[in-house]
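Can you read through this structure? Questions will come right after.
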């Protein structure tokens, strides 16, 4: 069985959400459409819908992340689910119970969904392969592999501003090689029919497989930003710097930091995105991050809607009619 | 006043749940019957009942335990109560506020129930002796003294499989001397009329008081398992090993680990139980833990129902009719 | 704009609750009146009202405080809000995201209210100055500056026992200089028309500005307690002792600890208050803390009501009629 098959149930509906890779265009559009419906929930006086009332969702975070955990927790609460936050120190897991024993125990407590973050690529898939038939898994980031809800909130944000994916040029700037975010974004952009996806970064961090992913590689930001509709900046992982894969922070900013001046090379109505948290003055200048073309905070808002959509679709309880009511 | 008297209110109803010792058979049967009713809640689409809506339950864990705390938290949420998780570093308690001052403060916040885990035997009793009249206490494990909800979920599991307690032979295997689980199980089995309770373990760890508890002591597992209906394995506390009270892990497994071969000595339809988390290859072989006679994960599921029963009985809001509706 | 102006919206209603300073008498009375209505909620079978259902409240605690956080969490849950607890290690904030970026992200997640505790005076004001128009901020204690909900629960407790503020003599005893509690109490007592507010403490810790605050300074507790209606003891911060600003603990108790004997100097019906947690035998004798004149635990109970009042007023959803129904 290929990795992506595991994501669908026998009727072809979304059961797990582990990776964008292998999902059909219509499925991605469905997620975006559901998310549109949830988008209005956040602006209501009562920001809750009863779709997942009585469901139990466990956040299994093997890697610390207050920010991502919080958005999943909020999404679950706004769907009226009960949420368990389980922060797992990896070393403790090793010493005591095995991962599978822990999972089976949580299943025996009738947990309906695991939201999993793990620093090993493939962890969410491994868990999805071993859960009971009634349990769904959402990948909240695994190693350098995938971060599908992040990619979908990015697509949601792009669609809000640019409507038609099939006419866009999108540039992703940064440490592509180590970025689960970039990998998921590239799959989503390709699937949704974006004709030109560019990746921009230093020579050391552009993967050899870039060509296989159907992207155009630029090592010169001035060239790469020419006429793009969307600029997606990645967070610089400072620990890479120390590993000597990257030049100094100062040099990095000079070469690949997004400044007002460089942004002028993109189309005048280009939008600027970033998965957060931003390193001001490292990969992005503050005036750009806070400027009129930045949609960075919108991405955060849409993240809640997209996660509500993925959760309710995977738990098979949602229909557009129910949400719209 | 004897310890067990404190558990009942003036009408003889359960107010605190601190220990099995001294409770009447009918009370234990009532808990099992209530739990049967809650058992179906976990399989509903909406796994919630409004019995404890607007009640506040505080988990006071002086000893870390993600697993037990989680089951109490889930039980409380499925009863619609509000839950406060308060993890107390014992040293911090010593330095700052006294335990009683902390309790009185939580009472002043109109907390209705304390679920207490503490590494000192008697801690839950101490707390129950000092709470206000409207507050209930549930012992979630105190030192090597008692763990009554664990014992009752075990009784629930046994009844599901064996119906009539009065015809059973039950063996408990392991470090009986240090086990609050074993102590509570023995009281429950005796009270429910199990005619033969056996404890099996190395000579160093069989308590002198075994005879007083009305159990039969075996130091040879081959003999002890003959014809039993139920095998309850205890978790080996590795820290005992270092204290030289026990042989090596390897030797322990050889003598008291449950293997497929040894299990053949029990009745063919014997069930295998374990309070979890299991040490695979230490006190139990994986093929037995995952085998057809194992009911270990069922125990976890029943743990939620039994805790819902104890909580709702102690808060005096539950009647079988209400749950069944 | 003066600090206190920021607290009111364009109609003069409470939007943020940052400090007592500058608020009008009628506003303080409104808070007390709302709190009276919530006071009965804690005694109901179902201790919840749906006033803030679907609202999201984030507890931002930059300084650890289980006790205060718990009361805010309970207040929010009893108003049916969803609560996020975000404990922030200050050093982590510095390294990663800036405070403002974190705030803007939480706002983008449609958080409606921040409850802020911080060890820097002015932190809550700073945050209030930067939040979006729909977001409210409640100061849960900032440095040595203010702790307005504590002061209001104290006023609530005094009114319950003494009714008319305009006939009282109130003494505050302890380390006034470093106490955000004392500062807020003094402003509240003055605004509510208490004719005589006394502060009692060692010479080193009485602020020069005492006169400006409209209080009478005593360095001799025997003199200061004469004929008072209310004695408010402050918690001795032991870390001050080491900084040599204060005499030894023993000496402090001798001079400024509240004993039964010293309490006799106050009016026979004087009440004794303390914000907690108390240091028994340091600033207060146990027989006084637990004695008939102590209202220390009542304060805790009223703290929930006062916080429910401040939260629902600031979120603009509350009317007396709604609560009374």
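As written, the chains take the letters A, B and C, and residue 1 is the first residue of each chain.
By our rule, a residue touches a chain if its C-beta (ideal position, glycine included) is under 8 Å from a C-beta of that chain, and two chains touch if they have at least 3 such contacts.
The shown structure was predicted, so the numbers you read here are calculated from the model rather than taken from an experiment.
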* To do: Rounding to the nearest 5 degrees, give the angle of the rotation that lays the CA atoms of chain B over those of chain C.
  => 120
* Asked: Residue numbers at the chain A-chain B interface: does the shared fraction exceed half, giving same, or fall under half, giving different?
  -> different
* Would you kindly tell me how far, in whole Å, the mean C-alpha position of chain B lies from that of chain A? => 42
* What residues in chain B touch two or more of the other chains? -> none
* Sort out for me which residues of chain A touch chain B in the complex. => 53-56, 82, 84, 86, 96-98, 101-102, 104-110
* Structure fact -> In their shared complex, chain A is touched by residues of chain B numbered 42-48, 66-67, 70-71, 73-74, 77-78, 276-278, 280, 297-298, 300-301, 303-304
